[in-house]
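Please find one structure pasted underneath; my questions will follow.
Chain IDs A, B, C, D and E follow the sequence of writing; residue 1 opens each chain.
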Amino acid sequence: MSEPLLAVSGLSKHYRRAGRTITALDGVSFQVNRAETFALVGPSGSGKSTVARLLLRLADADAGSIHFEGQDLMALRGEKLRAMRPRLQMVFQDPRSAFNPRATVGRVLDDPLRIHGLAGRDERPRAVETLLERVGLSPALTLRAIHEISGGQRQRVAIARAIATKPSLIVLDEALSALDVSVRADILDLLVSLQLDEGISYLFISHDLGVVARVAHRVAVMDAGAIAETGEARQIIAAPSSPIGKALVAAMPSLAQPVSKEAE
Amino acid sequence: MTTRLSIGNLGVRYRRDGQGVEALKHVDLDMEAGKCLAVIGESGSGKSTLALAIAGLLPAGTKFDGSIAWPGLGHAPLNGRDIGFVFQDPSASLNPVLPVGEQVAEVARTHLALTWREAFGLATDLLGRVRLPDPEAVARAYPHQLSGGQKQRVAIAAAIAARPSLLIADEATSALDTIVQAEIVALIGRLVTEDSMSLLFISHDIALAAQLADRIAVFRHGRLLEIGETGELLRSPAHSYTRSLIEASFGPAAEERG
Amino acid sequence: MNRALRLIRRRLIGSIAVLLIVITGTFLLLEAAPGDAVDAYVVSVGGDASMIEELRRRWGLDQSAATRFAVYISSLARLDLGHSVAFSRPNLDVILERLPDTLLLMGSATALSFCLGTFLGIVAGSRPGSFRDRFLSIGSLALYAVPGFWLGLVLIVIFSVQLRWLQLGGIETIASGKTGAPRALDIARHLVLPVASLGFIYLALYLRMMRVGMAEVWRMDFVLAARARGIGRRRIVLRHVARNALLPLVTMLGLQSAAMLGGSVVIESVFSVPGLGRLAQEAVAARDTPLLLGIILVSAVLVIAVNLAVDLLYAGLDPRVGSSGEAA
Amino acid sequence: MIALRRFLRTPEAVAGALILAALLAMALSAPWFFPRDPQSIAGPALLRPFQDWTLPLGTDRLGRDVMAGLFHGARASLAVGLAAAAGAILIGAVVGTLAGFAGGLLDEILMRITDAFQTVPGFLLALAFVSVAGPSLATVIVAITLGAWTGPARIARAEVLSIRERDYVAGARVIGMHPLEIAFREILPNALPPVLALSSVIVAAAILTEAALSFLGLGDPNRVTWGGMIAEGRAVLRSAPYLSIIPGVALVLTVLGVYLAGEGLVETSATRRMNA
Amino acid sequence: ALRAQTPTNGGRLIAAADSEPRNLNPAIIASNGVFFVASKIVEPLAEASFTGKDGLEPRLATSWEGSADGLTVTFKLREGVTWHDGKPFTSADVAFSALQVWKPLQNLGRVVFKDLEAVDTPDDHTAIFRFARPTPFQLIRNALPALTSVVPKHLYEVSEIADNPANTAPVGTGPFKFAEHRPGEYYRLEKYDAYWGEDQPRLDEIIYRVLPDRAAAAGALEAEEIHLAAFSAVPLADLERISKVPGIGVISKGYETLTYQLVVEINHRRKELADRKVRQAIAHAIDKEFVVKTIFLGYATASTGPVPRNDVQFYSSDVPTYAFDVAKANALLDEAGYKRGEGGTRFALKLLPAPYFNETKQFGDYLRQALAEIGIDAELVNNDAAAHQKAVYTDHTFDLAIAPPVFRGDPAISTTILVQSGIPDGVPFSNQGGYANPELDALIAKAAETLDPDQRIALYVDFQKMVAEDLPLINVAEWGFITVARSSVKEVSNNPRWAVSNWADTWIEG
């Protein structure tokens, strides 16, 4: 393969809170290749969401660099930054808070098309319907208000919005954890098929190794703002080397190793 | 085997905006003493409603029929004394302005006829039992000073303070990350065994439930779909819905990717 | 206590900027006023042009506004509030003489409205939807709508003039020569009506806030959790529900201090209480700019002090304050 | 429609709405029922209510029709209440939104100014302002607005600050929406409801403040206001108590109506949002 | 019946005070607000009297006599009088007060004593006033009660008079000593034991309770918290009711030489108002009967001119009068060329009622209506005292104003300046309307130096005629005040300036 789609190196971020400095990220480096699913796992507070926010330029890093599609992302500002945005999209964790509560499904999907001029005024309604179909929703939902559809449907709309601009990378920050197990599986399948069709890469953030095991090609395990280990997903789940990796794997509920009541 | 709790033809209707919302229909269920029953189901399937109905905590104005019987108890069950309850969100289930020690101690004081001093002593012991480091210090701490997992341990300590015979854990681990989740599940398992409590373990994660439960009950749309011994149910689910749940949780595993 | 100190320091630093804005704004406003202290003085005294000029010179009113402002600010730095034109005495003396009555009035009204309001709010909120809840809620709303000055007029007619139970104005029986407990009693009797007139609206406010707050807290999970633990109702109401519902009221207590100070202007006028509010009216009428500036400054300092005290109280009541950054 | 039905279900809200409707009717019909200047002398002085059916509520010290005063006073009260509330909310929303959006130095400056306004007792400020600018309806409105905008400003700012952190704002940025569009299309509409919820309190407070100012003789002398009527009636409180009681009751009812209706509205919209 | 009772000594009298003058020196500020408190402490040379010769009775002077040339006035002073600090009162004090205080500093004295050159003190009890130009003795006599409060030289000569501490804690020779002032609450005066009056004062103490709120005084009287409310502190509309309350009396006597006049001041700079026809029209538009009956509830008299009817020396009814006649008023305006425009309005005016009395404000409300009837649209502008002073007397930003000047027993004291020209800006209660009538000015000047009393009176009759005819201002009504007192208070209103006299003989029953 040629150069990676995304190359992150030495990313650091500190927050100041109540006079104390909190190190959210401390020199994080990794790469994501084209058409790859790269997972970030780690316990709560290890800095996964911070990575996502920095990548999407929702916050500014204190140190380090982000190269995406060969561009230095951190050097972009204003118009230039917005011109790049279609290439890099995100799906948020909580489908309830990811949309303007006053919006309709149609408007949510229309916005990116309008902003980036991806379809003419007259073609846009049709384009919106196509998007809905792509994520397995009925075009009839266009007129519904966001709060009138279910959580699973909302997450599909979120994915539709993310793919509307034909991005090369989508960051999914715990995009599945608010969903029911059964819905979760459907969405996972949708993501996989999109990747196969369009070659999109995913940065898949989760604290659930079980899910990660099913979708990720490669995994980075994070702990306390740093990457503890990186590797092939299968390999890490089978034989984690870092203590945090071991703990995560041990905590994975599975049929193979039932925790009996007497175990502890 | 003694039956601790026997639920017969339970139905619950909430009132919302003047309309009825059917949350549970025709539920029949027995719980045995000292055993763990897991309740599984998707969001809105009525799991919490069942738990609240057992503890008599349904909101005012809720219609309720059927029976909940406590054979062998001899009196109406008392919350805290006979039933311990652990909720999903550990941050929300503790009063933010009281020290956690007091919140555990007040349960002991209410049900065990102790003085405050004795109750605080017991509370500290309990905080130790749920494996909180330095229980004395934790007793003086406020909820916001503890992590999610620690708060859930405090909630568990409060729930078992009066040694109830039934512990209800309603999604007690789903707000926590996987590592902490595993610890809490293990803790609950251990406590239940030590005190020979019955456990009603509510979860939407069948894999997690399977680790603890002797029996699993599957709920959907307010109905009890099926109930069976854990191994039995996992091996040969009677319903396709149950099967889809099992598949979503356990297999087809990562090997399929590549 | 480190927490408290940090809070105080932050507050004080912010307050200086606030006070500067207050001073500048008030000064500019009063500059725009038609007529000055000499005009006001001449009305009561009469006088000719030379005398008027002489007065302007003596009182420093012939100087430019900028000069006077500079002089004012620099003397403020020395805690000198200047000289009252109307009283021919230092402003600070004049103000401090009137302050105690206002503090007494405000303090009593605050105490009454807060304590009684909270208590009744708990009574109402402990059984949401019950008869007593509805009754207190409607009653408090009615009270909330009654203008204090009007209530004062009505109360005077009923209790002072018709029934003669209470004094009709003033802060104590004039020149009674009483001291100690009899004097305190005398003052208390004088305070009943003005405190009621000033405080009832806030009593209603606190009652309503408490009631609404309790209703909100009732819906919270930890109350359900406490019920699930079998905690007695009384303890749930007081320790869990009321304790949490009290917090916004404490914040409100600080916010209302300025409003209450403003309200006392009218009440002091109705009840002839020689307090700061009346003084402010007199200062406006006499175009005594330095005095009015001083009053506004002192009230601002008072409000800041009250808010600081309330913040500290809040920090004591809510363990979360200060640990997660923002103070209330 | 549902909201309306829900609103109509609470008896308090209905009572409030009825009172306000009556008030509005009074205000609008005043020039029609009482075309003469309400300050003109209409009959013998100090005529008691219900003596003469052409002057049902009697006359005041100078023989002016109390009923006419009541009707025309409703106009002043409503005008002051609504104008001051509108002004306060407008200023508050603009200042709060600006501070919340911009952050940094602008936020700091705006909030210190807000602090300053909140620190000076509003009534004292109004008193000073009116006595400086001279009493007229406009100055009274400005004076009240001056003391009332800080509440909306703080709430708007807090709301904007919290909304700014929501995922959907981040989402809007991620799809490349322009900051101005984010501000006005995504944040402002959602920040407004809690600010508007304050309006009934502000209207009521404005009406009461106007009355208090008039009571102290700082109302517009060319207009009848209820506070002014109370103040005038005060001198004859004992011989002609109806002169201060009638406008006093009108004032209480109006404020009550505003509160009740406002609370009904807030509750209605609150339940709507909770269900959303 | 009153006289039949034997007075008892002792007791405390509580009176209502509606304002708190900062400066209590009546020698500098000859105003009723100051006199109300200070007249008990600081005495004038003579006081007004119902029975005494020339309407006067002696106080610090026992006799007074003017020379025929109008250049000297000789006062014999009372012996055995001491100041409250024990020092003896002498002619030096009178000389000092006259030359250092009344003439240069006093608001009214500056006019009356403008030609006072020297005061000779041949002995401790004689003071001879020497004038540079002939000054009517009649004028001096009329000025004695209000303008001649004597202050102690030994206290005032040591420092700047205007800043002297005795201005706020006065020291005098009167029956009461100043005891304390609690701002916003009360003034307290104590009996002066060494007072010269025999068996006087009868009261031990006088307290002025500050009740700025007019409605409060009536309540306080009824609640027996105060004994006495003077200067109409009880609103007129409440008098009928309160007169029926047992134990309370309403007294309208005792203000005969303190007559207030309700006057419409006119800004002659306005072209419409410079037209005499317009002024006459306005005069015709005012229903004085209504004003007297409704606004003053009968406690006033309709005016005919600048001198009140109750002044027996100068009043003349032989002047042009303006009956209430709206039709005529309209006709006059039409004649003057101010036709009604759209909406029936001829022109608009700014009307500034003085804020000092309820009645001036109510008259403002009435006048606005009355003017509307004749097509003049008047906009009321309510100012507080300072702004009113500036607007009317300094900036002249008014068209019509309503003022309550006081007639002080002689037109030369405070009345002629209301119409005289050449008065500098800023002087309150003076002609600031820009009215200038050389003929009238000459008349005023002549009267000021005419010595013969009858001639002088004749000149002032002409003055009244001329003012009533040309209407530089419109005199609407004149009123005295009302005292409301508990009937236990005796010897109330027993002189024509009672409220501002010394109350040495006042006593309380029981």
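As a convention for this text, contacts are C-beta pairs under 8 Å (C-beta built on N, C-alpha and C of every residue); 3 or more make two chains touch, one makes a residue touch a chain.
Everything quoted here is computed from the prediction, not taken from an experiment.
When the partners of chain A are compared with those of chain C, the chains appearing in both lists are B, D. Between the contact lists of chain B and chain D, the overlap consists of A, C.
Computed centre separation for the pair chain B/chain C is 51 angstrom, with centres defined by C-alpha atoms. Chain centres here are Cα averages; for chain C and chain D they lie 22 Å apart. Centres computed as Cα averages put chain A at a distance of 32 Å from chain B.
Taking each chain's centre as the mean of its C-alpha atoms, chain A lies 89 Å from chain E.
Counting partner chains per residue, chain C shows two or more touched chains at residues 33-34, 153, 157, 161, 269, 284-285, 323-324. By the touch criterion stated above, chain C contacts chain E in their complex at residues 33-37, 39-40, 42-49, 51-52, 86-88, 94, 97-98, 101, 153, 156-157, 160-161, 164, 167-171, 174-175, 269-270, 272-275, 278-279, 284-287.
Residue ranges on chain C touching chain B, taken from their complex, read 220-222, 224-232, 235, 239-240, 243-244, 247, 317-320, 323-324.
Within the complex, the chain E residues that touch chain C are 14, 21-23, 28-29, 31, 33, 105, 107-108, 110, 163, 168, 182-186, 188, 205, 207, 209-213, 215-216, 219-220, 222-223, 225, 383-391, 393-395, 424-429.
On the chain A side of its complex with chain D, the touching residues are 53, 56-58, 82-83, 85-86, 88-90, 92-94, 97-102, 111-112, 115-116, 147, 161, 164-165.
Those residues of chain D that touch chain E in the shared complex are 37, 39-41, 45-46, 61-63, 131, 134-135, 217, 221-222, 234-240.
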